[in-house]
């Protein structure tokens, strides 16, 4: 990874749909040369993918919450993680230090959806919920 | 927003660099028609931008942490938020319920960088740190 | 709902037995006109009922307590809620964020009644009790 | 206070606008006799007033919260209580055992109003907020 | 109970072996008159008994501890109380607010005795121990 | 200290006003011999005094509380201890492990007296109060 | 133990491989005399052994952690202690006051090893982990 | 570092005063060869020193404690660390995650010495103390 790669990553981080031509201009390389480098960054596993930044409120999200799930038995944490990380409401799911737990960031249409979610995950552990007031 | 818009969002969420042509194929519309809809989603503020999913470990990140910053005085929380949310190490910064605090997700090269960060933000409040063990 | 409705609600909030005539005077409408509006507020479900403000001490209440009931299993919280919310000692019963729990406000003749209550609800969860010192 | 008084209180608790005639019927007394007893219950300070049960959601309330305000200095708790208890958003305000604090139940139009409220009361102490998910 | 009774209680509180004659002198009554009053205070259940203030260190006590025993099931708290309150190491045993628990003050020859005690009472709940550093 | 001393202590612990004659009978010694031994136990500082066991409820005590006073500055804990330990409401006052604090057991006529007490001691630290429900 | 013994301990504490001759010089005794004293200190059980101070980072240790293991049942704490204290990752293992628990200091190659360790010990209790940031 | 170095470290870990000759025998090398390797391990900074394992009880230690010192201001944590880590009572001093704090392991002659220590370090932060019951 050289300085040009870092510059490419920086531009894509700001706008993942930036055209190769535009990136090329700012580092004085051709679009195909940039395309080759981007491909390499993907192949090396540095770039894992391209995602959207959405205004979730406009899509009907009214309740965002961090949920700390204190696992009943540490030995079942991996199972819990695999079940929970891929639920559609879940934005992030991380095992963190402190009490042995998962820290889940999830978005919901309303409090009812949050309650349903809490009931679903409570088979793995004891949830503690904090609502996001401002982001 | 109709079903086609939802389908477009879903495809871009999976790959924000998906070509308009490919999206068009799956909803049986032309690339320019898709382009127009994407533009509208941007103009309505539903799509806020396009970002990268990076393998931070490969970029030298060895310490990831959630930091709960319990603010000294609630009245200074907004200032703290504005100062902290845009620091380069910070991935997310949210005001959450429970103790009046900011919940900060930040990535660091090593523990030293984390310590420097803690010292910088401790002017606004009392930090509590949890290390991400697995994501 | 217009300004007159808001005025009616404000007057009834202060004194739910206020006569329709008195309310009418202050908004320059007839008693029957007020009666019609009150009926509509009831029918729309805005006014749910009329209640008493009592001096509970004079009725023999010596111990008032907030009880946080941390539910054993989130999936049983709804059952617990339904059983507890309608007990005669219970003034309020709300599911709140933080640890998954019910927040119960209840009034008791004395500490013995409180202890009996704690024992009864402990089948649903682990209680934490705070006594009201001043209201 | 005799059994008839208790019966009157019970009926008014269910519906504070119940007519004296109806109450009279159920205890086999005349409306004026009931009126006299109600007046005595008011004069003895047992009945403190008559209030409304409102559907706050229909009046635009989207965020209900319990806020525990841990007072900076116990000696200022009384001042804090007097300032906070009469704010329009406040439904209940009680000094409780545990950490020396006020337990405040308050209703807000949205999270922004809640944040403004937190900032206003944070001059007296450190707030801890729990959102009501279900009542 | 009159002022003379209060004076008697005050003198006995300072020295429970004070002679009736001495108490009598200070309230200008005869010893038999005092004896009669003391007997009445006992019969009314105001005086429950007479106890020693001991220097426990000189009797070999090296570890004094407050133990908060968080009961597994509130319904078993009474049983736990009855079993624990009369153990020889126990000085006080009270059910207190907060988490549903017993607050036990107990004295031990050494840390080993404390550990044995913790193991014995842990069948009723989860102990939390604080050592007395200074009294 | 021999077995006879231990027997004397045991009898006085049960009834501090036990007559020397009665104690003597049970250990087969004369009253004067017992008196001499008791005097020695006092002189060695093993017996610190004789106190009353009172029914505090019958003396008007309605609120008993444990108060954990978390000291503002450890260096002022000794001052706080000296001021607080001798207040008339205070039954016990101990410095304990955990957070640097005093654990105070105190008895009050009612909640108002407790509140006044909390305000008085809050100059030294932050109080946390638990009410005794059963002893 | 005299002053010379204390001096010997002090020198060995700084460098456990210090030669007897060097120690002897500083206390004006012969090497054999020092040897005899060291032997006595070992026989009395004052010196339990001689250990290395290692740079664990240079041996591949990247994660050091304190783990508080809150035991499921106090009666099983001794078993847990015996199993855990001798695991190779464990540097210290102590039963401490507060919640009935073991306080474990352990060193790991990486976070994965820590997670494996947490899962292994979670059969005895609930772990709470703190990472060492600086020593 | 090869297997022989690892074997040398293992033997020295068990007994830091092990003779080079004995180590040599077990790896089939001469004492001077071992001496050279040990020197290299010291020069590479892998071996930092040689220390004693002492029976502290026999040296008069009666109170061992873990003290979590929650620092007043994170920016002063480094100063606190430097002042505290080298005090004679201190065995370990580590900055750990969770609340921004130092975790101090220290040994004391008695509770009085512990109290003096708490008062000395309380200028840097708020101490929380746990006594070691068993090691």
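First chain written, first letter: the chains are A, B, C, D, E, F, G and H, and each begins at residue 1.
By definition in this document, contacts are C-beta pairs under 8 Å (C-beta built on N, C-alpha and C of every residue); 3 or more make two chains touch, one makes a residue touch a chain.
This structure is a prediction, so every number in the text was calculated from the model and none was measured.
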item	value
Pair sharing more residue contacts (C-beta pairs) when G-H is set against D-F	G-H
Numbering shared by both copies at the chain F-chain C contact, with half separating same from different	same
Contact-pair overlap exceeding half with A-B, pair selected from G-H, C-F or A-G	G-H
Centroid spacing, where centroids are CA-atom means, of chain B and chain H in whole angstrom	41
Centre-to-centre distance between chain E and chain A (centres being mean Cα positions), rounded to whole Å	59
Residue numbers of chain F (touch at least two other chains)	95, 97-98, 115, 130-131, 133-134
Interfacial residue positions of chain D with respect to chain F in the complex	73-75, 77, 95, 97-100
Chain B contact footprint on chain D (complex, rising order)	65, 115, 118-119, 121-123, 126-131
Sites on chain E touched by chain F in the complex	9, 12-17, 44-55, 58-59, 64, 66, 81, 92-98, 103, 105, 130-135
Partner chain F, residues of chain C touching it in the complex	111, 114-115, 131, 133-134
